[in-house]
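Read from first to last, the chains carry the letters A, B, C and D; within each, the first residue is number 1.
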Amino acid sequence: MTGEQPLIEVRGLTKRFGGLTAVDGLDFEIRPGEVLGLIGPNGAGKSTTFNVISGTYQASAGSMRLDGEEILGLPPHRIAARGIMRTFQHNMPFEGMSVAENVMVGAQTTVRSTLGRILLGTAAARAEEQAIRARADELIDFVGLSEERDAEVTSLSFGQGRLLETARALAGEPRIILFDEPAAGLTPSECDRLGVIIRGIAERGIAVLLIEHDMRFLLPLADRVIVLNFGQKIADGTPDTIRTDPAVVDAYLGEAGGVGADA
Amino acid sequence: MSDLLELLVSATASGCVYGLVALAYLLVLRPTGVVNFASGEWAMMGAFAAYVLAGMLEVPTVVAIPGAVLVLAVIGWATEWFTVRPLVERGAGHLAPILALLGMLVIYHQATLLVFGGENYPLDGPFGFNRVELGPFAGTSQSFFIIVMTAVIFVAVWLFFERTVWGKSFEAVAINRRAAALMGINLRLVTALSFAGGAAVAAMAGLLDGPRGSVEVNAALPFAVQGFSALIIGGINRVEGAILGGIILAFAEDLTRRYVPIPSGLALGVTPVLLIAFLLVRPTGLLRAKEAG
Amino acid sequence: MVALMRWVGGAAVLCVIPFLLQPYELDLYRKLLFWVALAISYNFLFGISGQMALSHFAFAGIGAYAVVILMTQAGLPLGLAVVVALALAAALALIVALAATRLEGFYLALATLAFAQLLIVVLNEGGSLTGATGGLTNYRLPPIFGFVIGGPGTAIIMIAVLLATLAILLRIDRSWFGRACRAIRDNSEAAAAMGIDVARTKTIAFTTTSVMAAAAGMVYAFFDNTVNPPVFGIDNAIMLLFMVIVGGSGSHLGAIIGAVLLKLSQDFLEPIVGHYHALGFGVIVVVAILIQPKGLIGMWDQIRARRVAARKRAAS
Amino acid sequence: MGIARTMIGAGLRVLGVAGLATGVMAGAANAADTIKIGVITDKTGNARFYAEPVLQGIMLATKIANANGGVLGKKIELLIEDDSNKPDVSASKAQKLIDAGVVAIISNSSSTATQQAQNTTIKTLIPQVTHNGSDTLTRKLDNKCFFQIGPLGSIQIRTLMAYARSKKLKTASLVTDNSALGQILAKYFKIGLEKSGVKVTVEEVIPAGSKSALPQMQKVRAAKTDAIFVAGVLARENTLFFRAYRQLGLKQPIMGSFNLSIPTFLRTAKGLMEGVTFIDAMDPAKPEAQAFIAAYQKEFGKKPFSLPAYGWDDMNFLIQAIKRAGSTDKAKLCAALQGSTGWAGALGAKGTAYDFSKGRAGFNPQGAVVRVIKNNDHGPVVHSGTK
C-alpha cells in the first residue's frame, strides 16, 4: 500500500476567515484503498478542511493535486466529477425522490449520454440508464437498504439515511469518498455495520477520508490518522502511534481518558 | 429649484408609503423567512378599514386610524395562525408558506371585491390637502402627515428592535430559529406578532396613501410590487433599509418622470429595471445585515 | 412499441374531440389545451426544477407577439417566422436564465416578475410594432401545405405542441437530467456534491421550458387572431402557478389535472356561482397547500397507499 | 348611521338588480318563444365600475320592452356573460353566446376585450354592438356587422375643440393614464388637437398605482399651455391629477373625455373639479333622454348619470332594428342596423340621431355635448356638436 503513488496530495492547505486561520498549512496525502482518519478537538479545522477539499469553501492558499493535476479551487460539482464524492454530517437526502432515485443521482458523474441522445432515445442512452439503475440496485444491496428501495426517503431512519448517503456517494464511481462524521447519531449496531461497509469500500480500492469524533469507531477502521489542533497538523501516523503520541494525548485524547484503550 | 424641492416633498411621502409596505414585508420575512406577497392586499384592506370607520361610520380620525390598524393586526395574526403556523410546524418546505400566502392574497382580494365592488371610495385625510410651506419645502398637509407618521413608526420599530428585550428576541429568531428556541424564546408568539405587526404597518401604508387618490381594490398589486422593490433596494436585513429603499425608489420614479426626456409610459419601466439591477448586482440590498453576535 | 401505440391512441382521441364539439366548446377546448401545455412545461420549471419563476406567461407572450410581428410586419413566411420566433424566445430565455438562475427562491420570483412587468411595459409602449395597448389583430394563419386551418385545425396544432412538450419533458425527466433537476430542487448543495452543475442545469431547464411556453403562445396567437398585453400579464402567471400547486407540483399528471380543473372551473363554475368562484378558488389553493402539499395527485397517492396497506393487513 | 344607510342602499341596489333580472328572465319559460340577446359584460374585472351601470341600462331597456309586449311578439331574453375584462375570455364568451343562439351580442367591456371578441363574431357575422369609444374598433377589422354607438375619441376631441375655439388655444397639455382606453383616447385627442392647429407640447401618463401625479403636473405647469386635456379613465389616477393640479395652483382650463362623466369622480375628487369641462354623450334636455331619465327614476328612484344611457341605447338600438327587419335573421338584422340612420336614442345632443351612412361607428359627430362640473355635480350643457 505504501509503495503506491498518492491519489491526492495536499500541500500547505490554508483557510482564513477574516483574522482567524482555521486551517494552517496542512500537508497530507491519501493512497488508493487507504482509510485516512482526520481527527481533532472541536474547532481544530476538520470540517473546514473537508469543505475546502470538496470545493464548498475557497482555500486561502495551498495546493491539492489529484494524479498530479491541481484541482484546488474547483467548484463542488467539478471536484465531484474528478471522483471525489462526499457524505454530509447532517444527512442531506433529496426528499422528493425515492431511495433508488437518490442513489441514481449519485451516478451523475458517470453519465455520458447528452440531452440530444436522450431525446432521440438512442440505444446507448437507454443502455446507460439501465446500467445506472442496475448499479444503484447493486449499491442499495451493498449498504443493506434492499427493503427500502422504493420507499420515500422521508420514511428512513437516521441510520438508514446515512447508509443511503454512502450508497449515493458510491454511485458516482468515486476514487475517494469523504465521510463527514459518519458515526454521529448512529446506534452502536449501526456503527458496526457502517464500519464494515467502509472497509468494503476501501477493499474496492477507493480511498476513504474520515472525519470523526468517535475514536472507538475510527481507530480500528483507519489505516492512518492525522490529528489537527488549531488548524495545524500535530500528528500523522498509524492508529497505534497516534494513541500513544504525547502531543495528541495532551491536546485531545488525554481528557477523554484512554479512549483507545478498549479498541 | 422650488419645483425640485416641492417634488422632493411629494416623492418623500410616496417613498414613505413604499417604505411602510417594505417594512410590512420585512417584519414577516425576518423571523420566518417568508415573503408575504399579500402585504399589498393588507395595505389595500387597511385603507378600506379606514374608509369603513371614517367614511361610513363617521368615526373621528384619531380613532379611525388606530382602529383600522388594529383590525389589520388581527387579520395578520389570524393569517399566521391558520396558514403559516401549520406549515411551519409540519416542517413544510420554505416555499409552502409563500404559496399559501399567495392563496390568501386571492382570498383577501376577492373577498374585498365582493364586499366593496370595483368602485373607488374617497378617504379624507385628517388635515386635508392644504398647501403647507416649511422653509423652502412646499407640499400638501397630507404629504407632511405621511412623512411624520412614517418617521414615528420607523423610529418606534427601530427602538423596539434595538432597545428592548422583546426586540432582541425577534432579532435572535431572525438570526437562528433553532438557537432562539433553545434560548427559551417563544417562537410561536414572535411569529404571530411579526404577522400582526406586518399587517398593522401595511395598513398604515394603505390608509396614509388612501386620501391622495382614493381607496380601491386594484391598489393592492401596485402596493405589493412597490413594497418589495423598495425592500430589495434597501436590503432585507435592516429596518432602516426599508425606508431607504422606499425613498430611493420613489425618487427614482418621480425624478425620471420629471426630468428624463423619455415617454412617460416608458418611465413605468424604472421600477422593474431597478429591481432587476439590484437583484443581480446586489441582492442583499444597500444595507447589509449587522454581523451576527 | 406499446408506449408508442399509447401515444398514438391518445393523440387520436385528442384530435377527434375537436370535430365533435360545438364552436364554443371547441374554443374552450383549445384554450384549455393551451393552458395544459403551459402547465406541463411550467411544472417542469417550478415543480421539478424548483424554480419559482413568474415569467412563463411572459414567454408565451413573446412567442405569440414574435411570430405575428415577424409574419405581418417583417413579411416572413410562417415556417421561417416560427423558427425565428423560437430562436428569439430561446435567446431571451437564455439571457434571463443566465442572470436569474443565480437567484434562489423568492428572489427568482421577484426577478422574473420584474421581467414580466417590463415586457408588458414594452408591449404597451411598442407603438405600431406591438400595436400598443390594443395589441395586434387582423391577421390570419396562412394555409399550411395548401390547407386552410380552421377552428379544429388550430386545436390539432395545439395538441401537437402539447404532446411534443409532454413527450420531450417526460423523456428528459426520466433521464439523468430530470434527476439532476429534482436533486437541485430538493437540495442544491447536495446536488453539487454529486457532481451536478447547478447553474447549468437550471439554465437549461429554464430555457427549454420557456421556449416551450413560447411555442404554445405562437399557436394561441391564431386562436382569436389577436394578441394583446393583458393576457400575458401577472394574473395568468399566478394562475399557472396555482394550477400546478393544486394538481400536484412535480407531477406531469398533476399539472394536467390542475390546469383542466382550474380552467374548467373558471369557465363553468363562474356562471353559476358568480364572483364567489374566484374566492373559492383562493380557498382551494390554501387548503390544498395546507392539507396536501403534493396537491390532488398527492391525495390520490395517499388514498391508494392506504388502500394497499389495508389490503395487505386484510391478507395477513 | 352612515353605515346603516350605505348597507341599506347596497341591499336595495342588489334587490333592484335582482328584480330587474327576474323581470327580464320572466317570460323566458319557453326558450323558443324568446329572442335571445347576448351581453358580454365585466362583472369581476377592472372595467366593472363602468360596465355595471351600463348593464343596468341594458336590463332596464329590456324590461320595459318586454312589459310593452316584447319584439315581434316575442319576449327578449338576455344571456349575460362575464368576461372579467379578459380579452381571451371575451372571445370565448362571444362564441358561447353564438352557440346559445343569440341574435346579437352587446359588448360591455374594455376595447381590448371587445376587439378580441370581434374576431369571433366576424366568423359568423353575427351582429355585435358596443358603446365603447375607441376609434380603432371599426377600423382594425373589417367586420361588416359590428356597430359602435358611443362617441368616438375623435368626436369627443372635435367637440371639445369646437367648444374651445372661442378660447383661441395655441398649445395644450395632454394627460392620460396607462389603461388601454385611456391610451387610445389620448391618441385620438392628439390627432384631433393637431388637426385644429393646437400644439401638444406635453404628453403625460399617470400610470395605474401611482402615488402622486406631481412630477407629470410640474411638467405641465412648466410648459404653460393654454389648456389641459384629460383622456384618462382610471378614477384613482385621475384624482391624483386633480390633486396635483390644485396643489400646483394651476389655472388652465381642464377639458376631459367622457370618462369624467363617471359619477365616481364626484366623490373621489370632491370639490376639486369645479369648472372642469367634460364630454358627455347625454343631453338631459333631449326628449329621448328625458324618456330614459323618467324610466330610470321610476325604477330606481333617483336621477341617472349618463352611463346607464349607453346600455339603454345599446338595447334599444337592437330592438328598433329587429322591428324594422321584421326578423331575427342575422343578415337582415345586420342590414337593419346599418340602416338605422335617423334613429334617435337617449345619447347625443338634442336634435341629433345616429348616423350609419358613413361607417359602422354611428354616433352623430354633432351628438356629443360639453358639460361643466358645477356644485360638484354634472352641470348644464354648455356646448354641443363640432361646429
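The rule we apply is simple: contacts are C-beta pairs under 8 Å (C-beta built on N, C-alpha and C of every residue); 3 or more make two chains touch, one makes a residue touch a chain.
Fair warning: this is a prediction, and the values are worked out from it, not measured in the lab.
**Q** Consider the two chain pairs C-D and B-D; indicate the one with the greater count of contacting C-beta pairs.
**A** By number of C-beta pairs in contact, B-D is the larger.
**Q** Suppose every chain is reduced to the average of its Cα atoms; which one is closest to the average of all protein Cα atoms?
**A** Chain C is the most central one.
**Q** For chain C versus chain D, what separation do you get between their C-alpha means, in angstrom?
**A** Roughly 37 Å, centre to centre.
**Q** Quick one: report the Å distance separating chain A from chain D, using the average Cα coordinate of each chain.
**A** 74
**Q** Report, in whole Å, the distance between the mean C-alpha point of chain A and the mean C-alpha point of chain B.
**A** 48
**Q** Can you pull out the residues of chain B that are in contact with at least two other chains?
**A** Touching at least two other chains: 113, 221, 225, 263, 265, 268.
**Q** Among the residues of chain D, which ones contact at least 2 other chains?
**A** Residues 44, 178, 183 of chain D each touch two or more of the other chains.
**Q** Touch graph of the chains shown: is it line, ring, star, complete or other?
**A** The chain contacts form none of line, ring, star or complete graph.
**Q** Which pairs of chains touch each other?
**A** The set of touching chain pairs is A-C, B-C, B-D, C-D.
**Q** Provide the residue numbers of chain C that touch chain A in the complex, in ascending order.
**A** 168, 171-172, 174-177, 179-180, 182-183, 185-187, 189-198, 204, 250
**Q** Considering only the defined contacts, which chain D positions touch chain C in the complex?
**A** Within the complex, chain D touches chain C at residues 43-44, 81-82, 85-89, 91-92, 95-96, 98-100, 111-112, 115-116, 118-120, 134, 136, 140-142, 178-180, 183-184.
**Q** Touching residues of chain B toward chain D in the complex: what are they?
**A** Contact set of chain B toward chain D: 3, 6-7, 10-11, 13-14, 17-18, 52, 55-58, 113, 117-122, 129, 131, 139-140, 209, 212-214, 216, 218-219, 221-223, 225-226, 250, 254-255, 257-258, 263-265, 267-268.
**Q** Which of the residues in chain B end up touching chain C in this complex?
**A** Contacts found on chain B: 35, 83, 86-87, 92-96, 98-100, 102-107, 109-111, 113-114, 221, 225, 228-229, 232, 263, 265-266, 268-269, 271-273, 275-276, 279-280, 283.
**Q** Give the list of chain A residues in touch with chain C in this complex.
**A** Going through chain A, the ones touching chain C are 54-56, 75-77, 80-81, 85-86, 88, 92-97, 101, 104-109, 111, 113, 115, 118-119, 121, 125, 129, 132, 168, 172.
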